[in-house]
Structures are given as structure tokens and as C-alpha cells.
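Let me begin by handing over the structure; questions about it come next.
Chain naming follows the written order as A, B, C and D, and within any one chain the residues start at number 1.
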């Protein structure tokens, strides 16, 4: 009976509103944060940063953004790749136009630019619903990719058509460019990721979150009880765009260092992030992390087992990896249709009762 | 809990991976899956088979065995980064990313890590300027050379005069596809031909409108900068509109067997540029068959030997092997480091005598690399597809590009990169 | 014109009910409402009013247009003809959420709770009109936003206590039985502290005991909060007990209007209900 | 007539023909969506898988040979025989039916009654799975389909129409493959309609599409019907795979044709077979005409990808249920 809630009483409503109502959960959470901020940067190497942790954190931010829109507000979007591209190109333009301003501000600025673009592409949601909207957001995806490819202004007219992030430092520590240390890369992503999760959690537990969820669960009833669908949906698009834009900016500037829109922000990205939130759990911030971890870490683990331990040919492992990831997705859905987050909740509930299940 | 043990295992493995064994580590960032697998497989087979041959026949290079570390990228930039990070700790000598996207990412990273990158006929063209890109090489030729070589070839065809001719460029609507445009535009001005640009969006499965337009405007020549499914569809569509195939010229990534075979007899006469000669009778190929394939050490299923991209992969491996030998010679050490490898690449000299000695006489041009010129001679061969025999035949010898056109472009592009990234141009 | 209307209304304005409650001014006045769907007239030229503090029932057989009437009031349907007067002023065509912001809350015939949320969150959605902190404050969960949340939570907790659903506060509504769902829906409507509460068949599908509970809640709401209530109900017994005045509809027309006693003895109403033919 | 106008007509005709192929892919989506409410993301991969299987069977390749070789150190590649096209097509249909049965038995049977998004997600898993299995079975190199389908410009049409315009008009270009595809699509749709109108199972299928509960109550096995529609979708995928594969060879990109079908679905509605066909034609025609008149001359080309979606989007803003979708009635 290590994990339980008996005796954990709340004496005020704001205590009752906590993200982690159980003391044990809170301790685990703060411990994780402490390890993530204080221990990991000391031991991280290039491989762990570039291959696993940084992409995981960046995808988690994108997943938070999409989850706000899809998981909380019920508007399925397949434009995430395009919106990440907006973040990336906005960040690039800001970085090169204002080299003296801090890169951190550029990343946030990229978030705001994406917010605006995403809101504009959110306008059709007032008329179009469900899968129709999902497919409609593909229009944004394809159009944005085409635009960034077509108009040379976006890539500063350079001959290659690629954008590459020049070196930018904060307190003398490079955060972008080839000389970025693994820990710096990791810390900046971690900071943005934790901040995003914090903001997203606050928004979704407050009145705005309830507006979104009301629209998601039953839009007509929501409107009749006083939720303005216009502002609710557009605010979801806006905030979703903000986070997705930040993730796109980080993806380009900190992680990849160079990007081409079609290759880095193609339709695959849109699907990938959507898969993350569905596998992780719609309408759950924890699910964003679980889903991102599943789709970033699992392939690496499978490759590690197949290639490095079993010594199989890499292409064979790559094929098997698809089979296994696909199989696992179906298996999880059959076992727990509401994603890893729900699986986790069910496990915790069982754990609370353990060892006396009845 | 199983996952946990596995992850712990992974942690351990990546921590202990650093001390490299005493051999020459050559990563192969291959893609045998995904949209471009058909191109990735033969290249990777050729690249690996050549090193396997060196191991089997000569016991490696300079007595040092070669270890290939294959890593599957699927042509995906993030997986490419993962592959780079997971292999660089093993003492990787040179990277051959075989993808424009991955190349762009790796150039600055490898520069910072001090590991050479060799992008043979792809990637960032400006790396020809070795004073700005100390660690990146793109010999023997780049896209701008390719565009210029093709125009030179067409000039020869037309008795030196392209005035009033109309040339259409069908290109993959990406950074890669747009590479030749500045060169061609500049050549159009100096040579007096008109240039039509026809973009094809990724993946290029659907090209009806582009080819209907070509049918309407009937350009004298159609050039193609394509990759993947775009090539097969374009060649089929050209055959469909009965465009004269001998006036349809692809670049060297649009001129492999799998690009033309789906169109069957319709593809007969299609031309493409190549950076190597293609022949199935290079003696080295027999060695590979007997000493590698028959021993069961083939990298793939062994079916690609002698194909265009196989030979290109093998050629890339040969250039790497020669660079290693050069580095060993310069530094007097057999177990070289990436930094020594760079010196070897920069001092590389390929002569016909050496190529003949290696059993691949005339496979490439004679050239030497220097600090100022990481790009080699910029020459190419025009080849033509014969559908009945299913072979590519070289039509020309190695043709020159017009350096008076391409060099200023290289200088401008590398300067722009240097300015943007605060690089001071200098030799190491 | 104004005078004429005022005259017809004057007779019933400000009466005192049988149990001694004082009924105030007209809060909502429906004038000659006609609503069509394609060629079908769901509501034909109906006029009636609802006065401050009363419990007004709308009854009628299935398909009489009762729910459509509520939908007109809550702005979900826009009538082709007629006017809705609210607090003495003609109401322009409003969006449903704007109507809600004017203080009109409702429940639904087929429960329309937010299935993905807990009971508490569902009831809290009733307070959305009263929560105005900006996105920034909410995002950072700083003082004002947190205070607002707690303040509204207190109000909601009072309603939860009042409706005796404390024990299921944190339960996802999808797991609740039908009767409790109806009660949660009432809680959500009450949380908005409405001036006018519309209840669409609040007791449909309930057993006697649940109906008694619900009746008690309705009366208490009216009594303690002084909320004006308009309700649709099939159970004549309940309607007659609860309501102060009753509108009777049949085939989209108003066939009767008055106190329960008057309506009960109206021959037209009896015929409509008993299906007596007029031949 | 001026040449530019004639060429406009040519673009229109070719667009319509391209639209037939889009419609073919969209049809597979509609079949499954109508009967089971599943938005089958794996439809494109199914087309790839079917075409690969067909080609593999025809060439007598040993399935999973790469995997077997890797595990047991063998050198298996081919059975050494060639299967005639007709037999291979029939065998492929059997494989697709088997696949349908497995998918139903192992996956969707356990997901009955789940929300659409979850069913959608399961098909994403299926897409990954099939992509991997297809590569494992048949390898990832480009395969050619040797079905001797006619290809290339129809000279008869070209010569006959060349007189319509002046010297700068060369007659209408019509690809023989497109004509074949159009005919095959027409036959397929006719067969589907005949099947659903005149056979017992077809009627059962329609009953299920109309109302699951009612169909169950008259003794129709839902499981069987679902296997049936998945099989039919598999056959449609095979046909689409053959037609597209004839142009480009059978390769990974075939799976991306699903993206071409999505705007068609938006336009035509997810539930309407006529909608899929008309939607396909409109999209095919619209994107070609746009490229011809505006996209190519003024926007620098390559507009097809997004234009189809934009067109569908604009239509949806005025008709949120698509051109043929069932009207959405909002109730409370």
C-alpha cells in the first residue's frame, strides 16, 4: 500500500485543484523535474541529446499544441507540419533580421507568428466539422509548404533554398549553430517544454479549458449554455499554433540547425504528431509526453535491439520496426482505446487498491 | 519492466561505445526503406561491397581492416542525425550522407566535430570552396557543374550554337531540384537559349500538367532534376507524349536502371549525365563477385552489381579508400583519425594509372583535390539508355563544365554562407 | 400599438400565487411567434409571457412544438415571424451564447452533458459566463485567475450541496445513471445563476421517487433563488402541482393558457389530450 | 478555335481522366466508411501492398525471402516460375480477402462501438504494419508490373483532332492507359452497383450501411459484411495500385495516393459512391485547369497538391457536408 490517497485530505478548493492531488505523485513529479534539470545536463552526451531527448522534448511541445486543439477542443488538425514550418521560418527570419536580439525571444516570437497563421487557418472550423475539418487542415499543410518553397524571401534568397541557423548565444553559451553543446541544447528545449506543459495545464484546467472541452464534447449544447464557439475554437487554434510554432522554431534552430520545408515539415510530421497525441491520450498533457516518447524512443530501442544486439541487417530491422510499431498501436488500442495516459491512470487506480483489489 | 532493462542496456551501450576498436570505421548512412529505397539500395551495396573486397583481398587498407557501420536513415533527416550521433563516437572517418537534407544538417555539425563529409555530386554545392568548408568535400562534380556540362554537351550537338533554342527544366520542387536554376539562367543569357521552368511537387506521382505543357511548347530539349518516383513518372510521361527521348536528359540522380525500366521500350534513347563511366566489365566487379559475393558477404542480395548507382557507390568507396591510403601515407600511421582522413582527402590524387591498377580503368576523370578546390574537376559523362539490351552506354568521354560560369556562383554562395555563419575563409 | 399590448398584459402582471408568492414583471414576452422548417410550421402564431418569479409550464402532446418553443427562447432557432421581448425590450436575433449571457439557462430533453468531463467540470461550465480572466492570467495561474477559480468553485459547491450530488463530484459524467445526469444538468444550469431557467422535460424517464426529488429541487430553486422557471413536462400531475401558469400547445398552436385550474377544465385542452374528435 | 482554348479542352479532358484515378482510390475509402464508420487511413498502403503482391506473385518471388535468409543463412530468392497475369490477379484478390479477414478478426472485431478517432487510429497502425510487412515480403526495390496495359498517346485521336486547330495545335493528347483506367473504373463501379443491388450479400451490405442495429435484427452478420467490404476495398486498392503502378512502377510512393483521395472525399462526402466519382472528376479537372490558367503562368507551378485541398475547402465552407454527403441536421 505504498501508493494511496487515504488520509490525503484537501482543506481548500485551490488545494483540490492541484495537478497532482496525491502527495506521492507530487514528490515523484518534483524529483523528475530535479533530475531533468540538474542531473541530466551533467551526464548528457551528443547522442542522447540529438537522437532521443531533444527530439522527444520538441515533439512533446508540438503534441501539447496539437492536443489543445484536438484533444481538448475536438478540432482534428492535420496541418501541424505546416504550422511547425511557420515557426521555423519565422524564427529564421527573426534570427537573421535581428541578430542582436536574444534567440529565446525569437523562438517565442515565432510562436506568436504561428499563432496568427494558425488562427487564420482555423476560421473554416466554424463551418466544417470532424474528419472534414481534418482534411481541410491539409490545405494549410500543403499550401504552407508550397509557399515556403516558392517564395525566396522566406529563405533570404539564398541559392540552396535551405534555411540554416546561424550561431546565437545566450550569456555566451551558444544555443544554435554547430558549436552548441548537448547540455545547452537539451536545457533550452527542456525549459520551453516544461513551460509549455505548465501553461497548457493551467489553461486546460481553467475556464478556457472548460470552454474548449465543452465545444469538443457537444458544441451545440456548449453554445446554448453560453460558450461563444468562435472565440473558443479560435483561441484553441491560436494557442495550439503558439506551441506548435515554438516547437517548429526549436526543431529548426536548436535541433536540426538546417531545414528544408518539404523534407522537415512535410505531411509526415502532421501525421506523426497526431499519432503521438492519439497514442498518448487525447485531452491529457501527460499523454503528450507518453506519445512523444513512444514514437521517438521506441524506434531507437527497436533499432538498438535489432541491429546492435541481434546483429540483423539495418534494413530488415527498419521493416520489422514498422511492423512492430504498427502492431503495438493496434494492440494498445484494443487493450486501451484512450491511449497511454488512460492506461497509466488505470494502472494507478489498480495500484491504489493494491494489494487488496476488492 | 522489460523496456526499462532495455533502456538501461542502451545507456550502457552508448556510454561504452566511445573507445573505438583499432580499425577504420566507415559509417554507411543508407536508405533501404522509404520513398527512395530504390536509389539507396544499389549505392549502399556498391559502397559496402568495395570495402568488403578490400578487407577480403588486401586485408583492409594499409593493413588496417575496414569496419562498415551501416545505419538506416530512410532518407529522413532526423534519423540521419540519429545515425550520425550514434556512429561518430566509434571513430567514423568520413560520412557519405546521400541525402540533401541530411547533408545540410551534417555539414556544420561535422565541421564542429572535425569529421569529413563527402557529398559526391549532391548536397551543398558551395562546399567546393574548401577555404570556407574545411571539412566538406563534393568532388568529383556538383550540380552546377552538371548543368554546365549538359549545356556544353548540347552545344556540341548543335555545332556550338544554342541561340534561339528552347530548353525546359523539369525539376523536383525542393532545394535539390532548384540547384541548377541559377547556373542555367546564367548560361541561358550567355548562350542565347530560352529556359522554361517546370516544377514538380514531391513526390511527383502526378505530372500530367507539366508534360502537357511540354507537349504544347515543344522545347528543343528537356532537362530533368528528379529523384525517386518523379523520375519514373517523368520518363513514362515523356514516352506517352512521344517526346523524342534523345532530347530528354536527366542529371545523374535521374539516370539509373530503375528510373527507366518501368517505362519499358518507351524509355529507349533517354539520356542522362553521369559522374562515372558505367561498364559491367570492370575487373574489380569480378573480384567483388568472387571474393565477396561468393563468400556470402554481399551487402544486399547481390543483384545490383554493375548497375549505375552500384558503380557510383563503389566509386565513392574507392575515393574514400584512396583518401585513407593517402592519409596513411602523409601521417605515416595506419590507424588514422578523422582529422588525418581530411588531410588525405585534401591531398587526394586520382590518376588513370591508379584506376587501371584498381581494376576500374576510366571509371572517373583524373583529378586532384586541394584546399581551394574541394569539388574536383566538375566533369561528367553523357550516357544513353538502350531499352532492348537494358544497358546504359556512355556517349562521350568526360566533358568539362564551364568554370567561368560556375566558379563565381560558388564564390558568391560560399561567401554568403561564411557571412551568415561568421566563418573566416582559410585553409587548415 | 404599445398601449394595446400593455393592456392585454396588464391583467396578469404582478399577481400573487396561491401559495402566497409575489409574481413580478414580465421577464420574457413571446409575440406572435411562427417557426417553420421548410414547409412545416412547427409553431404557429403563438404568444405568451413569462413573469418574474413564476413557474410557467408548457404542456402538450408529442410534436406539439414545445421543445421548438424553448429553442426559440434560447436563440437556437430563429422564428420566421414574431418577436421575442426580453425585459421590456424587443430582443434582436441573438446567437444562443448571447442569449445565455443575458441570463437564460436551460436543460435539454436528451441530456446534453459534456461526457468527457467530470461532474464538477460540467457544473463549472455553467459559470463560464462569469469567468472573465484573460488568457495570460489563466496561463500562469496567477492570483486573479486562481482567485476567480476558487470563488466560482465555491458558488458551484453550494449548488452541488443544494442538489445533493457531493459524492459524485469527481466522477466522469459518462459513468452516471440517467437520473443523476438529469440532476447534474440542472446543476449546470443553476450554476449560471440564471434569471430565467428553461427545463425541457426535467422528469422524463424518471421513477416516482426521482420525480419527487426533482420536483422538490425545482420548487426550492424557485423559492430560494427566486429563479423564474419555464418547464416542459408530460406528467400532468407534476405540472399541475408545480406550476403557477400553464401554456397548452397542440400541433404548433396555443390552445390554452392560464392557471392549472383554468387549463384543467378547459374543454379544448381536454379534447386535445384525450384525443376527442370534434366531428 | 484558337490553340490556347483547344489546349484548355485538352487539359480538361486529361484532368477528368486523372480524376477517374482519384475517384478509384476514394471509392475504397467510401466503401469501408459507409459500412463500418471507419476512416481507413491504410487505403493507400493497401494499394501499394496489393500491387506489390501482384508483382511478387507474377515474378514468382518467395515471400519473406530476405527475412528467411537473414534468419537461417539461406539464399532464397525466387521460385523460378512466372505466374500468368490473370491467375496472379486472382491470387492477389485471395490475399486481399485473407487480409480483410485477418484485419477484421484480429483488430476491428475488438474495437466495435469505439469512437471514430480510435478506429481511425487503428487504421494508422494497420498502415504502418502493412508497409513493413509488404517490404518484408517483397523487398523495397521498385517493381514493374508487366500486365501489357496499353500506354502512351492515342495516335488515332491525336490525328483525328489535329485538324481542329491551326499549325500550333497538335491534336488532343489522350493517354491510352487513362482510357483503360476509365473503362476499368466504370466496370468496377457498375459491378459494385450490380453487386449491391442484385445479390443477397450486396443487399445485406447496403442494409448495414443504412442501419447497423436494424441489419443485426434481421439476422445479417456484421462481421461477415465487414470482411466483405474490406475485401472489396482491397480489390479497389488492387485496381488503383495497378493503374498507378503502371505509370511509375510499384514503389513506396504508391501509398501516398491516399493523399490524392482525401480532397475527393471532402468534396464528394465520405458516404457517397457517386460523390466519390463526381468529386474525383471535379478535383482532377479543377487542379489541372487551375495549373493551366493560373498556377503555371502566374504562381510558378506545382500548385496541384494544395489546390485540390483549397478547392475542397472552399466548397465545404458553403456546403459543410460535401457535395453529396448526408445533410447535417443540428439538433439538441
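Definition applied: contacts are C-beta pairs under 8 Å (C-beta built on N, C-alpha and C of every residue); 3 or more make two chains touch, one makes a residue touch a chain.
Note that the structure is a prediction, hence the values are computed from the model and not measured.
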Interchain contact steps from subunit B to subunit C (minimum; 1 if touching): 2
Chain nearest the overall C-alpha centroid of the shown protein atoms: A
Euclidean distance of C-alpha centroids - subunit C vs subunit D, Å: 51
Where subunit A and subunit D are represented by their mean Cα positions, the distance between them in whole Å: 32
Distance from the mean Cα position of subunit C to that of subunit A, given in whole angstrom: 42
Centre-of-Cα separation between subunit D and subunit B, whole angstrom: 35
Residues of subunit B engaged with two or more neighbouring chains: 32-33, 41, 173, 201
Overlap residues in subunit D, where contacts from two or more other chains coincide: 66, 135, 140, 300, 302, 305, 332
Of all residues in subunit A, the ones touching two or more other chains: 146, 220-221, 224, 313, 315, 319, 322
Sites on subunit C touched by subunit A in the complex: 74-76, 95-97, 99-101, 105-106, 108, 112-117, 121, 124-129, 131, 133, 135, 138-141, 145-146, 148-150, 152-154, 157, 188-189, 192
Residues of subunit D defined as touching subunit A within the complex: 39, 66-67, 70, 106-107, 110-111, 114-118, 120-122, 124-133, 135-136, 140, 259, 262-263, 265-266, 270, 299-300, 302-303, 305-306, 309-310, 312-313, 316-317, 320-322, 328, 330-332
Subunit A contact footprint on subunit B (complex, rising order): 3, 6-7, 9-10, 13-15, 30, 32-33, 41, 70-72, 74, 77-78, 81-82, 84-86, 88-89, 100-101, 104-105, 107-109, 111-112, 124-126, 173-175, 178-179, 182, 201-202, 409, 412-413, 416-417, 420-422
Residues on subunit D engaged by subunit B in the complex (per definition of touch): 3, 7, 10-11, 14-15, 18, 66, 73, 75, 77, 135, 139-142, 144, 151-153, 170, 173, 175, 177, 244, 247-249, 251-254, 256-257, 260, 287-288, 291-292, 296, 300-302, 304-305
List of subunit B residues in touch with subunit D within their complex: 32-35, 37-38, 41, 173, 197-201, 203-206, 208-210, 212-213, 215-216, 228-229, 232-233, 236-237, 239-242, 258, 261-262, 264, 266, 296, 301
